[in-house]
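Presented sequentially are two complexes of chain A, the first with chain B as partner and the second with chain C.
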Partner chain A sequence: MRITQGCFSFLPDLTDEQISRQVQYCLEKGWAVNIEFTDDPHPRNNFWEMWGLPMFDLRDAAGVLMELTECRKVYGDRYIRLSAFDSSHGWESVRLSFIVNRPKDEPGFRLDRHEVAGRNIRYTTTPYAADRPEGRRYGGL
Partner chain B sequence: MPQNDLMARSIPTSRCTPQEETSMNQHSMTVRGKDRYKSGVMEYKKMGYWEPDYEPKDTDIIALFRVTPQDGVDPIEASAAVAGESSTATWTVVWTDRLTAAEKYRAKCYRVDPVPNSPGQYFAYIAYDLDLFENGSIANLSASIIGNVFGFKPLKALRLEDMRLPVAYVKTFQGPATGIVVERERMDKFGRPLLGATVKPKLGLSGRNYGRVVYEALKGGLDFTKDDENINSQPFMHWRERFLYCMEAVNKAQAASGEIKGTYLNVTAGTMEDMYERAEFAKELGSVIIMIDLVIGYTAIQSMAKWARRNDMILHLHRAGHSTYTRQRSHGVSFRVIAKWMRLAGVDHIHAGTVVGKLEGDPATTRGYYDVCREDFNPTRLEHGVFFDQHWASLNRLMPVASGGIHAGQMHQLLDHLGEDVILQFGGGTIGHPMGIQAGATANRVALEAMILARNEGRDYLHEGPEILAKAAETCTPLKSALEVWKNVTFNYESTDMPDYVPTPSVAM
Partner chain C sequence: MSMAATAHDVSEAAPTDQVDLRREFNEVGIGEVLDQLDRELVGLKPVKTRIREIASLLLIERIRKRMNLTSDVPTLHMSFTGNPGTGKTTVALRIASILHKLGFVRRGQVVSVTRDELVGQYIGHTAPKTKEILKKAMGGVLFIDEAYYLHRPDNERDYGQEAIEILLQVMESQREDLVVILAGYGDRMDKFFASNPGFRSRIAHHIDFPDYTDDELLAIAERMLRDINYKFSPDAREAFIRYIGLRKVQPLFSNARSIRNALDRIRLRQANRLVADLDSVLTADDIISLEASDVFASRVFLKASSGA
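Moving on to the complex of A and B:
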């Protein structure tokens, strides 16, 4: 399966050139771009690990791409996403977020059904990969 | 005018000639002293409801009415009557006025302008003191402003065009239960419009079949599916069946995609008790969103908004029934007023037009509605039908929804007209796809992502739209097929409601 979180997951994987143009768009808006990675892609896992701090005051997308290259060297077997933060009043949140790196094989999620009273079922979504300890999922090193 | 100046006030200018304006707006005719309270009937304009010298206070609520007096009725008198009947007046002088601070409580019509190019119609500006209204109550606000005057005999027609709500009053309302920012955070979706579809056919599906449509659409790539306005609890599908099957579909689609998904469970019912029961069940099942119809009434809407805030629920409003009073230009209530009331009342989503789809919506007027929903400050923009500066004082933003007769091939136009903070709902445009519902959903999602990518890259996406879509379709058969099926579908009809003012091109200095 292919996890479709983020803004561009239904398109073919973006090239670095394409990623760079998106980053430049964010920087020109005055947003700070952040690199985050995880091997627990549960849809409600909000807090992916941060690769350093959001890059404030950056002008050129090349800076983000350099960091991304470094991040991929270490965590290339995991999901990596870029998120852009807008600090302007009334937003003060993420304005764009998209996946820029994926594990080779994405096993997806198990849906557990717990039958309770009446016809009700409680559902729990679990990434298959999360059965293994952090760092050793997706056939990690 | 500085945007952050809370005290800023703007008095719109109209296009009528200076002579016309002066002649209409110069005299106060108010009778004062003992004579004012002599028993009998007195013209409204003499009772203190016409005060052309009155300067509205920053705390006043201002209403702009389009007044069409009966033939032979003086427009000033007609406008004063609207002010009178929407505040303290009755048809005759009453001595009990003298027991009150009557001058404060009288609404004051302070300006009457002929409507450009519409003989027999007048814009009447009426100011109401803040003390005339109860805190945080749309029921009270609307009972005052539209409660009594719309059937008034001396008028042929009356329309409430716009309102200026002072910050002092705005702050007495909760506002949208969730708001655009938090909705995006909860849904984990940033940087693009959200995608939805209304389940079709809207009547007759069993719960199990209905859930099938929800699953296919969400798995295919939509963020939301939606109950239609009249899906409540009917013989073919009682509400609990729908809720149970829909939530199975939502959870399966979440697991299949790794994304947060939602379906607007319509909790509209005959009583508040029934609505609360349905909303509680939706919460118990883990739904992120519920839905109500405008026809449940303003008080019920406010109650559900408070419930939604307490229960971490997004609240979708379907504006069922609004066209009965918003569509005709001469009579009723403009949708921009309804949008303002709904932002105060506290819903998170509101249908606000598509421009290009099958339902009424002139582009400039629709832009005005979207601004009312999404901005923290609306400057006066007569060309969008926005007559007043409106400060929202950080009240949450309300997500507009575009629904009705739209399809993937219009993606560039939709993005251009409606922007990024909007929910695009393709009902027929998803479910009617020749390759099935999942394919329809995928076509819409791919079209959207391709368009956002191109826009962010700085491309002229509006003009290059068809090329961008064709290129994306090269690697996406469902999109290719959608573009083919709906390539010639457009809805070009004359709008019945559009702004009265058009910008005049001026020579750059």
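Moving on to the complex of A and C:
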């Protein structure tokens, strides 16, 4: 099942050219671009691990793409996303975030139903991938 | 006229087979930058000629691209050698703007760094630091001042080598994203290139900045004063000509930079002289003119007279 999180996730995967154009848009707005990765695709997993530091003071998307290439070399089998942080007063939050890399095979989620008092049902979603230990979820050793 | 019209019509559809050179030249607006370079920088004849050559090459390269005559992205990395204060940084800024106008760098910013910003202090510190700077310079020009400090021949475990390797790699693989300019004193740069042959071969343009002559230094001084609304009185001008002659032979002379510092001190003395007489009424002319006595109070004359 294809994970849809952040911007553009209902579109086909962005090409590097398209990623670079989006990043350039962020940089021109003065946002700092971050690279984050994870192998736990649960929608409530907000805190992905960061690849290096947020990239402040960049002028051109080539710098971000250079880091992204590095990150893909190491974590190419996981989810990688770019997020753009706006530090201006009143915003101080992430303005744009989109997935730029995903595992080849995305097994999707299992839906668990718990019957509780009064025949109510509580739902839990668990990524099948998370059954395996971290780092080995998408075919990595 | 008809020629220009044709060029315009055809430019919609690639490839073009006819280009109006003048129109192309005016369109990119480098003529303006080159004229500004001629106007604002005193002397530096060989440097200006070389920059004109490079600009012409790039203009032709641009046209060739439009005509689909493919050739490699030209290597644009440069090295500027010359004594301190000969205008290397200033020229680097102009080069960045020329490259930007011709579309060979996308943003045109100049990131000026020295060894401190590239090389870390402990293991594993250098690579992120160098990459950080490279990322900031992407789409523009990376200007490395006193580049030979990156290489410390006496210490083979120096982290500078790591920075050099990363630089070389990016200079080669991301030629279209970034232009690197190395700057430094002539003889030490030669040694640096001798011990790092990788750099020499990756740099297409070696530009040597000559020292300024006395006349040029005077012209620079007068230009600097005009910019900040001061002027020499005729006596002070004579005095300053003598000052230049004396200062040049003293150690640690750094061309235009020494001139700027000298002017700062002369302004200081002028202000002091004016303030010393609180009862006087000053005219605008008093405020803007520097007198011979302000120049003669310099230490340079003292040393010269005691030495003689």
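FYI, the second predicted complex is superposed on the first by the 139 of 141 C-alpha atoms of A that agree within 3 Å, B and C clash if a C-alpha of one lies under 4 Å from a C-alpha of the other, contacts with A are read in each partner's own complex, and residues count from 1 in each chain.
Just so it is clear, a residue touches a chain if its C-beta (ideal position, glycine included) is under 8 Å from a C-beta of that chain, and two chains touch if they have at least 3 such contacts.
Computed from a predicted structure; not experimentally measured.
By the document's definition of touching, of the two partners only chain C reaches A:E67; chain B does not. Using the contact criterion defined above for the overlaid structures, shared-chain residue A:D57 touches chain C, although it does not reach chain B.
With both structures placed on the common chain, the touch criterion links A:T4 to chain B but leaves chain C unconnected.
When the two complexes are overlaid on their common chain A, residue A:P43 makes contact with chain B while staying clear of chain C.
After overlaying the two complexes on the shared chain, residue contacts for A:R132 are found with neither chain B nor chain C. Once the two complexes are overlaid on the shared chain, A:R119 sits against chain B while remaining clear of chain C.
Touched residues of chain A, counted separately for chain B and chain C, are more numerous for B. In the superposed model, A:G90 lies in contact with chain B only, and not with chain C. In the three-chain superposition model, chain A touches chain B and chain C at no common residue. Within the complex formed with chain A, the chain B residues making contact are 181, 184-185, 188, 190-192, 221, 240, 244, 247-248, 251-252, 254-260, 284-286, 376, 394, 397, 442, 445-446, 449-450, 452-453, 456-458, 472, 475.
Contact residues of chain C toward chain A in the complex are 106-107, 109, 128, 131, 134-136, 138-140, 170, 174, 177-178. If you check the complex, the residues on chain A that touch chain B are 1, 3-5, 7-12, 14, 18, 21-22, 25, 41-44, 46, 83-84, 89-98, 108-111, 119-123, 125, 127.
The part of chain A that touches chain C in the complex is made up of residues 52, 55, 57-64, 66-67.
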